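Heads up, the next two complexes both have chain A, just with different partners, chain B and then chain C.
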Partner chain A sequence: MKRMRLIAMILLVLIAALGALAPAIAPYSYDAQFRDAPDAPPGPRFRMGTDEIGRDRFSRLIYATRISMLLAPAAALASIVLALAICALLKYGLSALTTICLSLPWIFLFIIMRAELPLSTGPVVSVALTFGLMGVAGWAWPARVFTASIGDMKQSGWLMQARAAGISPLRIARVYAWPHLRSVALAQFRVLVPAYILSEASLGLLGLGVPDPLPSWGNLLRDLQHPDIVRSNPWVLAPLGLLMLVMLCLELLQSQREVSL
Partner chain B sequence: MVVLIGGLAAAALVRFSPGFDVDENTWNPQFSAATLEAMHNTHERENSLPRFYYRYLRAALHGDLGQSDSLKQPVADLLRDRAPVTARLLGWGTLGGLLLGALFAWIAVWPRRAGLEILAVSSGGLMLAIPPAVLALAFFFEEAPLSLAVALAVFPRVFGTIRAILEDLFTSPALLAARARGVGPVSLALRYVVAPALPQWLALAGVALVLGFGFIIPIEALCDVPGIGQLAWKAALSRDLPLLCGLALIITFAVACVQTFGEIIGAKQ
Partner chain C sequence: MTTTNRTNTQIAQLWSRRLSAVVRGLCLALIPLLALAAPPKELRFSIAGDPKTFDPLHIEESNSQTISYLTSGVLVKVNRATDQLQPELAESWEIKDSGRTITFHLRAGLKFSDGTPLTSADVVRTLSRALDPKEGSPAGDTFRSADGPPEIHATTPRDLTIHYKLPKAGLDRLFDQLGIPPASPAKLPASAGPFIVAEYHAGDYVRLARNPNYWKHDTAGHPLPYLDSIRIDIQQNHDIELARFLRGESQIINRLEPESFDRVAKEKPAAARNLGASLDNEFLWFNEAPAKTMPDWKRKWFTSPAFRHGISNAIHRDDIARIVYRGHAHPAASPVSTANKFWFNAALKAPVGDATASLKILAAEGFKLRDGVLRDRDGHPVEFSIVTNSGNRPREQMGQLIQSDLLKIGIRVNVVPLDFGSLLDRVYKTQNYDAAILGFSNVEVDPMEIMNFWLSSGSQHPWWPSEKTPATPWEARIDELELKQASESSRDLRKKSMDEMQRIAEEQEPIVQLVNPDYLCAIAPSVKGSQPTVAPPQVLWNIEWLRLE
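So, the complex of A and B:
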């Protein structure tokens, strides 16, 4: 099992490096169009073939890896920071607020927020907004866990002792409370990253995720809606394979954390 | 309270959405600038958020959730037509997911064999790695029942909790004593597994329903199922905010009912 986890870690690092080095590895830009070769089969010129408007699938997959692998953790971080900030700032009504946010299915909350965006939003801004909205819409899960942890902490003897010793609230938060919350925040981060990767995939399939011409695993999966394309070029399944591989690696690492905790 | 606040948030989205303040009379050359300003002021006053929400809520209590901008039909009628389709898909899917979760959790816990445990855990992990929408597309093209896709999406998400509940129950002294007395497996399951954890099972069913609804939106949208999920997707694509607002109110109400039911059962226990 230990070896499996090591392999999972190495695979994740390799996939992340593949995304980070996309401009050096990808033979073409993600939006370079070869109008002489639409729907080209895999070959020496295009390793995974081209899409219906003549863009290299392999290059787009590598750039998509960069976007999905970079922005899902960023959205998870945004959720954690937002949840911590709200927990710190809001003294009353936090429980009701999290209940309201958790009462709506996450994807529904997201599509409501997505519908509010102006139509003229550019692709890069749209990507940032998509993942930013994910981060904002997903704050309630970690907030609920943080609230429980803070509640436990408030009952603890060490906190009462620190208060009685006249230590300032800021110092208590920084020196005493944060080390406790940090492990909870890290655990939440590890839960949110795969959740956001999957959510982006679902939103991309629906056309509500990262917009063209920018590639993401989600919008590359849209080809799966055409079984004839899948049959003629099985490389169309490559984004799904990569996504599943990353998810399995993350799950393996997650289970390692659960065992060690 | 949750429904009221959820409804207020939805109404605020509609009220402050881009284009809400735009009046087609602005481009009518027959109106003078002063008239247009007076009309604009009246529109602003009449549509302040509290007034707008009060009107919306009063109408909603009478079954009027407004008119869909894109489909040009009353929102209540659209919901009434589509709710049974979603309820069937969600009901069977969630039930299937819970049964699959229970079966695999039982396989992981009861026989106490490492091979079977690894098989159950790996199956859950594998299903968790597949986006539910992709799963649904595969079922759609193979003409398999879509509720099974919902079940396969729900199953890995409830598997861990069911496994934890079963592990607690299977190590309980009462069950061990009953096994030692030679109580039959059906009686064991009913008396020592289902009955003691009934509130937990019901609460989990509520959570699974909410989870399932999250999967319903992409599944219905991609597989052309005329349910509430597809309606929500269409409303988002066409920016039909009155429809989204109505959907938010109804969905919040349904989810709050499910959660309250779970909490009441838990409190009684």
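So, the complex of A and C:
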């Protein structure tokens, strides 16, 4: 089983490296239009063919990997940090706040945000805002888990002993509580990363994700809405394959972690 | 004797009952056989959504419009193939007083599908309802006049007269769009057209049945329509609609996207029909309204005809037609499509994408290209955003191509797809945008339809909606020409005004015309008698003459 975990880890590192080294690996820029070759089939010039306006699918996939693999973990990290901060700062009303936050129709907030953004907002800022909002919106899920863990800790003997011994709350949090919470935070991080990759893909399908011409797995998957395109060039499925592979690897790491715990 | 007679009578009645039972049984057994011998002729096609109404006076969307075309009786109809008016419920008509008065003479013995007679009183009631502001009928818009409502009189049960104070352009042709409903409203109303609404299952289908009282017959005296019924599936997904057609489960797709058309042409070549440029046009325009959110220097660019010409000349329309529409579109030169043969000003030509020519035009206005960035006289880099409706793939792709074309002349463009509500809000209410790409689907060939778009006071006047007074002399001249053609009864004089209006639109270019997409449709070879045209309802305009074999 450890071997599977290792393979999953290697694959994730390889995919992340592919994204990180996009400018060096991709044969063309993600927005270069080859108007002489729209919808070109895979061949020596374009390994995965071109999209409807003649952009190289392979180059766009690599750049999309960079965006999705970089920003989804960043958003997940933002959610975890925010959740921990809110759990630490709020003594009362946390449960009510998480319940309210979880019941909000976030998809409509995304639509409103996109409509209200200044039109001069460039694609890069727009992407950062999309993932940023995802990170902010997603704090309630880990916060609920952290609240439960902290609740368990408060009942534990070691905490009472630490308090009785006069150890400062900051030291208790740093030296005793954090090692317990760290494993919970890591597990939450592994859950949130694929969730955000999928959310971005779903938003991309609705046209609310990463704006063109920047590619992401989400907006590349919009082509799947058109069976004709899939039929004529199966490489259109490549972002889906990559997304599934990343999800599988993350799932594998998560389940291995649970087994080892 | 009495007893014997009664017994004989009873025996006779018993045999009579047995005989009739046998006959009934035979008939019942024969019905399926008869049905096998002559299957019902049901045409099947799809519309994109539920019809919002079956009342021809309250139609605001295309699904209801399609049902209305098939069910409503009209006084006269424009023959979409010849563009000539043909009599329908009215057997004849006269226009008098230089286009101020029209008199219709109805056919004898007209009836609605429920058997009630259709008289001139029904037409008067229909037109009065359409013009009544309380009704808020979109059908009344074309009949309104700046000089008040017309006078409408039914002189006899078969004759009526409509009188305007001033001449009304194309007065007789207006009645092509006015369906005459019966007086009594019903959930599935009676009608005077070739079909009636027989069933409606929301979200599923509408079934139309032949109108038994339809007045029209073919030359052999056979009652029309030929079809027994029409099943109209409500199907929003075009891929499912296409799959059904390719499987032979439906016979018509009234409007095809270019990629779907290519697939039909490949798999069922006999069914694919490309009629060339449609009446629709796709275009880009700049916000020229004095919006608070826009700096003065930017507004100065947008209100400059040279700036607009520069942008227009940099756009490769042939690439848009070839790539976005897969070759099924034509570069547009005028607000009137080339398909509209009579009204199009044939002297106009679409600009050819040429970065050098574009820079030359912009340089004359003080714009300079330095280090790959175009700057105005005051050194501001030329950057702007283009909004369009999200989910509309052709428009999003046009935005991407234009973005790339303009980058070649040093202009950075941000393409922002917005949901349609937000887009309209920005364009028509807040004016918080720089430029937009949208399209116009023309239902009519007559230029009266684009008046609200081109009149400076028009609510749909895109670059500055509902201007209080025309901002420039050329806009004032366009207003003048539009109003002139609207009150002129001579078609040739109207054409002269429209030619000049199109020439000014080309010279000033407040709307940068992009392409006229082709009209593409699919008609199964089993459908006989079709004469598809680019004017709506395209394949369905002569529905009463369609047959299934």
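What we mean here is this: the second predicted complex is superposed on the first by the 242 of 261 C-alpha atoms of A that agree within 3 Å, B and C clash if a C-alpha of one lies under 4 Å from a C-alpha of the other, contacts with A are read in each partner's own complex, and residues count from 1 in each chain.
Going forward, a residue touches a chain if its C-beta (ideal position, glycine included) is under 8 Å from a C-beta of that chain, and two chains touch if they have at least 3 such contacts.
As the structure is a prediction and not an experimental result, all values here were calculated from the model.
Taking chain A as the reference, the larger set of touched residues comes from B, when chain B and chain C are compared.
In the superposition on chain A, A:P227 makes contact with both chain B and chain C. Look at A:P213: by the touch rule set out above, it reaches chain C but stays clear of chain B.
Once the two complexes are laid over each other on the shared chain, residue contacts for A:T121 go to chain C alone; chain B is not touched. Contacts of A:I53 after superposition: chain C is touched, whereas chain B is not reached. Using the contact criterion defined above for the overlaid structures, shared-chain residue A:I111 touches chain B and also reaches chain C.
Contacts of chain A with chain B, set against its contacts with chain C after fitting on chain A, overlap at residues 111, 114-115, 207-208, 227.
Per the touch definition, chain A reaches chain C in the complex via residues 31, 33, 35, 38, 52-54, 111, 114-115, 119-123, 207-208, 211-213, 226-229. Across the interface of their complex, chain A is touched by residues 239, 259-260, 263, 316, 319, 322-324, 383, 385, 387, 390-391, 393, 396-397, 400-401, 403-404, 414-419, 422, 432-434 of chain C.
The residues of chain B lying in touch with chain A in their complex are 1-2, 5-6, 9-10, 13, 17-18, 125-126, 128-134, 137, 141, 210-211, 213-214, 217-218, 221-222, 232-233, 235-237, 239, 241, 244, 247-248, 251-252, 255-256, 259.
Against chain B, in their complex, chain A makes its touches with residues 96, 99-100, 103-108, 111-112, 114-116, 118, 198, 201-202, 205-208, 221, 224-225, 227, 240, 243-244, 247-248, 251-252.
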